[in-house]
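All chains are identified by letter, namely A, B, C and D, in their written order; residue positions are counted from 1 within each chain.
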Amino acid sequence: MIADTQPQALNFECETGNYHTFCPISCVAWLYQKIEDSFFLVIGTKTCGYFLQNAMGVMIFAEPRYAMAELEEGDISAQLNDYEELKRLCTQIKRDRNPSVIVWIGTCTTEIIKMDLEGLAPKLEAELGIPIVTARANGLDYAFTQGEDTVLAAMVQRCPDKPVGEVEKEERNSISKLLNFGRKKEDVAVTESEYAKHTPLVMFGSLPDPVVTQLTLELKKQGIKVSGWLPSKRYTELPVIEEGYFVSGVNPFLSRTATTLMRRRKTKLIGAPFPIGPDGTRAWIEKICSALGVEPKGLAEREAQIWESLEEYVKLIRGKSVFFMGDNLLEISLARFLIRCGMTCPEIGIPYMDKRYQAAELALLEKTCREMGVPTPTIVEKPDNYNQIQRIYAQDIDLVITGMAHANPLEARGINTKWSVEFTFAQIHGFTNARDVLELVTRPLRRNNSLKDLGWGKLVKDAKV
Amino acid sequence: MIADTQPQALNFECETGNYHTFCPISCVAWLYQKIEDSFFLVIGTKTCGYFLQNAMGVMIFAEPRYAMAELEEGDISAQLNDYEELKRLCTQIKRDRNPSVIVWIGTCTTEIIKMDLEGLAPKLEAELGIPIVTARANGLDYAFTQGEDTVLAAMVQRCPDKPVGEVEKEERNSISKLLNFGRKKEDVAVTESEYAKHTPLVMFGSLPDPVVTQLTLELKKQGIKVSGWLPSKRYTELPVIEEGYFVSGVNPFLSRTATTLMRRRKTKLIGAPFPIGPDGTRAWIEKICSALGVEPKGLAEREAQIWESLEEYVKLIRGKSVFFMGDNLLEISLARFLIRCGMTCPEIGIPYMDKRYQAAELALLEKTCREMGVPTPTIVEKPDNYNQIQRIYAQDIDLVITGMAHANPLEARGINTKWSVEFTFAQIHGFTNARDVLELVTRPLRRNNSLKDLGWGKLVKDAKV
Amino acid sequence: MKLAYWMYAGPAHIGTLRISSSFKNVHAIMHAPIGDDYFNVMRSMLERDRNFTPVTISSVDRNVLARGSQEKVVDNITRKDTEETPDLIVLTPTCTSSILQEDLANFVQRAQIDTKCDVLLADVNHYRFTELQAADRTLQQIVQYYIAKAKKKGQLPEGKTEKPSVNIIGISSLGFHNQHDCIELKRLMADIGVEVNAVIPEGASVLELKNLPRAWFNLVPYREIGLMAAEFLKEEFGMPYVDITPMGVVETARCIRKIQEVVNAQGGDVNYEEFIENQTLYVSQAAWFSRSIDCQNLTGKKAVVFGDNTHAAAMTKILSREMGIQVVMAGTYCKADEKWFRDQVSEYCDEVLISDDNGAIADAIARIEPSAIFGTQMERHVGKRLRIPCGVISAPIHVQDFPIGYKPFLGYEGTNQVADLVYNSFTLGMEDHLLEIFGGHDTKEVITRGMSADSDMNWTKEAQLELNKIPGFVRGKIKRNTEKFARDRNLSEITVEAMYAAKESVGA
Amino acid sequence: MKLAYWMYAGPAHIGTLRISSSFKNVHAIMHAPIGDDYFNVMRSMLERDRNFTPVTISSVDRNVLARGSQEKVVDNITRKDTEETPDLIVLTPTCTSSILQEDLANFVQRAQIDTKCDVLLADVNHYRFTELQAADRTLQQIVQYYIAKAKKKGQLPEGKTEKPSVNIIGISSLGFHNQHDCIELKRLMADIGVEVNAVIPEGASVLELKNLPRAWFNLVPYREIGLMAAEFLKEEFGMPYVDITPMGVVETARCIRKIQEVVNAQGGDVNYEEFIENQTLYVSQAAWFSRSIDCQNLTGKKAVVFGDNTHAAAMTKILSREMGIQVVMAGTYCKADEKWFRDQVSEYCDEVLISDDNGAIADAIARIEPSAIFGTQMERHVGKRLRIPCGVISAPIHVQDFPIGYKPFLGYEGTNQVADLVYNSFTLGMEDHLLEIFGGHDTKEVITRGMSADSDMNWTKEAQLELNKIPGFVRGKIKRNTEKFARDRNLSEITVEAMYAAKESVGA
């Protein structure tokens, strides 16, 4: 199902430089909110905990649903028994918070000391009577958003392989069943007759609930029914995945989940561009329709109509240049959409480039450049931020999309920036939200024009470049 | 029923000086909160409105239940028709707030321009179909807390003169009935058998609801049933007052209400000391018991027990001197209690001294001084604040109870003060709250002792006295 | 009649008293009924003044009404002259004296015969002027009086100060952040080498008003108070004045440039450009805040601004021009000066509202649904109701407008403080927003730890109702103490009586 | 393992980086996996630093694990030496380098061969030290290194400065209100005629550290960072140091008196008593606030204090001694320095809690039910849950601890700011309390005016559910826009589809 055609025109480099991005355990910040009955336990050091608390600004609410299992010297030197320690902590979590699932997030430290989380989890799960899912969201192997990939890949294994009958239901946590009873009604109710007959389709990727609804509705308009989403709002409602189902990812950083779904659950992956921007959303729907044998209808009109409504924003960026320093792996999709809006893009930095999983997106990027008549960007894997900044100065870039570490210093030097991390948290998928992407992208441009008139362009003296 | 014995030993003076106190329209601040279904309309100038808003700090809540009818030049010069103007405003109030009663508060200005509020009200009441009560809380005739007196005296006229039957109930505002349905259950439920047979007793004076409950319970312990309170929590629940009922006031500033109850409603006034401090509360209960022909029981023990619990506070003030500059007419009762606590009191300033209504309290004050072996205070009506401050310096007073205008300047000169207005708002009545009175009284003493040790006694340079 | 739930500007006598009591050694006599001297309370409680307010009420009561006021008023004036030996006594008319149509001018003439001090009748009509207009007039009146007096006596000083100098006009008691603004203005003048010849009225002696003409120019930071005095000095002596409020980075620069122009026109040779650039880009943090990522996120957000002329106009310009925030509506309650306000803000907002009816303003805010409000205490209440954050930028004053810590609104430190105010107004709203987005996610049953006051004691229905009357703030504590009391005494049930017995016992 | 919901102090490497990046022209190299350089984010986002943070990660990944780190680390050091020409490069160990047991000292030796700048390995063990201890050690290490270097080269200056002078030690990047504290301390020193010889590490050049001994004494305002360096200078040169935190009126006076003692012991002849009295009674407003009626009402109220040693101890003293507030519990998370804390506060509070377990602290607060909390961001959250107001007095830092307006905690302006903090903490609670008492009084049906978003449109159940997912903050607006959209199109019912169609159409 994965497209084989490499877009030859694109230029790939791997700089293997020193670059800043967030640690993949970041995913805890959105996943614990997305999966309402979960508890995330990050097994690592103070370094990990302080990151989540201070740099990610993950808020502690009344009843926190994430915590650190902070490794101390005794744990590192193996003087303490990992199983007993984790049992003690998870027992307390079960008592205090009573989650439906505990997700263990492994870190660099558990990797280096070779803590056997995958081995310990089933034993403790059996002993405590609470599901324990294990994900290795460590910074040695992954970057930022790939943390979600490791968690979803682990959860694939927990999806039921046949519809939940009354018997199985009984087996689930009875309290959670009680609480969730009747909730199904919340979902978009449609009569089966509105749908075309097709092999069931399961979507994967964590999106805010309103976006899930929107994308589900877009497919419904084509007569396509989404059987389930991974992750679901509750762990107890993970989607059924049977052999031969179609699956499709909505985020560009989920290659491991995709592979697991194909290899372990024998599903068929629909490799589409990602539904970001009206162009990407249309291509995404078309690809899904094509895979399911459904004839898409009205998509050209719909795309055109969205573009029309975006014009007020598009005219602000048309002809301007954008530079991605590389952070959250959404870079290719965003660049493709912005090039379609009329921007030029000399460089896309990206921490990790899975050319197979992103093949359809890369092909669309290449096609977009061709159609818009602009040079194809250089895609720089593992970029070197210092070198990038020299290139940004040299190329006189209009807008730099960058991680939080560099945004304020670049602004102080008169260079417009937008945090990449905002695209991770904002609602950017689908037709409806294309406007939100451009709202974010154009904000610094709208803002800084007037400041320049005030003479407030550069706010550092003798800046060393 | 009023005691005739003048306590001859007390020395009364009337200084007729320049003194500061609050305007009697202040009563709006607590009465609109006490009477939940009321609306207070103050008919006066910007001077009145700015006072309530800024010096009294009456808060505007989501749905305000008091407002100004601000008189403009056209109103003063009688170019506008008072009835039409008031009708316009009250119609708007009825539409926007739908109160059970509108209380018109007359001011100095309505007095001086001789606006005939009492004449206009019945006509407008009939036209609008909403009760309008008129009170002349003006500063030409009254001081501060006497504003409550004018409102309660006006409300006396509105109390039903026989129990409300089903028929009369229908006549009342149906919405309010609906809302209040079942509320009666909130009141303290007791079986009639616990009470002695006695002529019905109605209390008057505005107190916070918990204090109403406490005093009602104290009397219940003696087998005395309180048939109702004026004011009630809701205008629609004003107490029934029949000829021959006993009435008793809980506040020293209600002489006009007392007179109205006696003259207009032919009730019998129980003239007792006021239930402030354990001594006053006991005397109050005893006097009521005596009037109703009930034998009081256990009061001596109860008083002694309260005194015992107060000892930690009493020891802080025993032997110290207190000076009342005069503000809220609670001065005599508070002085009497504090003298019983062992303080000396050279002077009680008071804006207005009704020797008849306060006769029992004055007698108790005189008796208290005699029993405690301290000189009787000079009671100075309409004091001159400037002269008082000279006397305070000369007499080296330990604690000055004063209005808000003088508190901070006296503190800056190393003189301990307590706001008199706090006693107006705090819960000070009855056995239970005696502690709260002393908590307030001792606070500056507890506080300032330690500051003196830090050398922070006087905080003005070369203070001109 | 006007149905008023709220007053943006106070009555005229408050304005007069703000001016008279700002001066050193000036006493005011009010001719009014008891209680109308609450100005004293405001000075003592809001401004935390350490001194007795130099205002005495000559009270009007039934007796006075019957017998006439003159004797009492004159007695009180002469008495204060003896007791306080002020330089000046200001007789302050009130709504009452206006209605009574008393000939106060005549009282003043009578009193002057016996007093050592000057006596002046403030020329304000309660029904025609607001607090702000009355303050402006009274200040002008006092300045004019002492200039005329000095002129008559030939005591007006000749010439100007050697170095460029300024009179700062309009700093007064109970003014919105005036005390800190004054410190900041003095620092600013020191930074640009301008001597402060006088600050009036706050802390000034009326005897020194004759020296005002020695300054090179007058600075009137607030639109509401000081302009009349500055105009008078301009007419009388040709003194130029600068009336650009130095609030916000841009307007502060404009004010300084105007000062430069005025100074150089009188033979000075100053150039403040470098100073302005340095302050703007590197010293003040406000311009940098505007450019920073924090502020970028405010771009295009909608705000409503409402307040007095000075602050509402300045805030509108700051939000729109310096922070990229869309001011949907800008408004003022200073109706008398409507044209000026429209001229100032029309370029920077979508809509202008001139009104002193708080209901109209609340309705406009409800319709617009902005992300933040910058208004008065009243708009703060409206914001609470609508769950829209509100930063307070203008009088009517409140105790929170007299912070102990340094919080000017003017000058370069003022720009920092305003940036904080804007940032905090919006982020508080954001925090709420986040709590709402995520707050509903604790769908699993929560097992509380140590934070619950629940127990196994039985409360009677009456006691439970009584407990519910107690503010939530202390309810938990009272509940716990009562239960402890009941357990200690083996009570099976908690009644209302038990509650109050417990209170007496433990002092809960 | 430790179950941790919150960390009061960060990991050791943060402490090291706070010191190295505070110095001018010093670069740090971290040997750590990707993402562990979030210190850069904190500098840029919390402190709003205009410059690129001088920290580079030499990232550890599978390749590096397999091949060894030395080459990469050394390359990165020499590369930065060329690119940035720093005076010093600090190699910063991390939890990863600790576990890997890399011989970083050897890397440094290797790198030094090729670099023009100095290279130093920060001597901190991730598992043994907290952020604060690591910062204290690193500062001492750098000072010691440059003193030794100068000594070796014979470049140590002789003698003391002519006038009394001070080194202020411990002001650092990402410190709680450190920037404003530093300004206030400099002003205080200027007021008492003490020259500031150096401030370290913030803004200092390592090349000038050799001049430290020229100061008459060292001032260590914070207990957590700076003492080790001061001790070293005392041992090495016999330099006295003053370690009394000048926070609160009383302790500020005590600090100044100690400085007087130290200066006079070295031949100075100063007397600061008059200065102290003037500041206390008339200039600072804090003592007056203590005596004023506003503060009187706080007498005997109960408070809980929790924070780092410096601020928790100082705040306990201020509340208890200067404001008459009862500190029921005072606590710190600086466990290593427990004895000092107990000595400082035991006289001023009922109970002491030494813990870094936020759950234990929350439980203690729930038990005590104080009227106010003075704590960290964590206690602010606890306070929200319990509806107890909380003033933030200590790190862990938060963006709100980097206000744009001037807000020092130290010195006399600090006393004003603290008074405001205390006052506002309690009154906010009171306001809530009043609202609760009176809020229930609107028992009559309310007829809303202009503030309601209700209408007659039908929403399908699904659309209603979808609407409820939208934060309340914007829900009203979206509802209104959607209904307008539906009416314009004559839709009888609002479906989920209509909602999103409306959004696309009007950009709601």
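Going forward, contacts are C-beta pairs under 8 Å (C-beta built on N, C-alpha and C of every residue); 3 or more make two chains touch, one makes a residue touch a chain.
Since this is a predicted model, take the numbers as computed values, not measurements.
Q: Any chains in contact with both subunit A and subunit D?
A: Under the touch definition, subunit A and subunit D have C as mutual neighbours.
Q: Where the centre means the average of the CA atoms, what chain is farthest from subunit B?
A: Centre of mass proxy via C-alpha means gives A as farthest from subunit B.
Q: Tally the contacting C-beta pairs at the B-C interface and at the A-C interface, and name the larger one.
A: Between A-C and B-C, contacts are more numerous in B-C.
Q: Rounded to the nearest whole Å, what is the centre-to-centre distance of subunit A and subunit B, using the mean of the C-alpha atoms as each centre?
A: Their C-alpha centroids are separated by 66 Å.
Q: Would you kindly tell me how far, in whole Å, the mean C-alpha position of subunit D lies from that of subunit C?
A: 33
Q: If you average the CA atoms of subunit A and of subunit C, how far apart do the two points sit, in angstrom?
A: 50
Q: Mind pulling the residue numbers of subunit D that touch at least two other chains?
A: 45, 48, 50, 288, 292-293, 385, 449
Q: Hey, what residues on subunit B touch two or more of the other chains?
A: 59, 61-62, 404, 407-408, 412, 459
Q: Does the chain-touch network form a line, ring, star, complete graph or other?
A: Basically it's none of the tidy shapes, so other.
Q: Which of the chains are touching one another, listed as pairs?
A: A-C, A-D, B-C, B-D, C-D
Q: Name, in rising order, each residue of subunit A that touches subunit D in their complex.
A: 18-24, 26, 43, 45-47, 49-51, 53-55, 59-62, 64, 67-73, 75-76, 80, 85-86, 88-89, 92-93, 108-109, 112-113, 138-141, 143-144, 186, 188-189, 209-210, 213-214, 217, 305-306, 309, 351, 386, 389, 403-409, 412, 431-432, 435, 459-460, 463-464
Q: For subunit C, which residues are in contact with subunit B within the complex?
A: 1-7, 10-14, 32-38, 40-46, 48-53, 56-62, 65, 76, 83-84, 94-96, 98-100, 126-128, 131, 378, 381, 384-385, 396-397, 462, 465-466, 469-470, 496-497, 500, 503-505, 507
Q: In the complex, go through subunit B and note every residue touching subunit D.
A: Subunit B reaches subunit D through residues 33, 36-37, 59, 61-63, 65, 95-100, 175-176, 179-180, 234, 404, 407-408, 411-412, 417-419, 439, 443-444, 446-448, 450-451, 454-456, 458-459, 461.
Q: Show which residues of subunit C lie in contact with subunit A when the two form their complex.
A: The touching residues are 249-250, 277, 280-282, 287-288, 290-293, 295-297, 299-300, 321-322, 324, 434-435, 438-439, 441-447, 449.
Q: Help me check something: in the complex, which residues belonging to subunit C touch subunit D?
A: 45, 48, 50, 285-286, 288-289, 292-294, 359, 362-363, 366-367, 369, 385-387, 399-400, 403-407, 413, 416-417, 419-420, 423-424, 429, 432-433, 436-437, 449-451, 471-473, 476-477, 480
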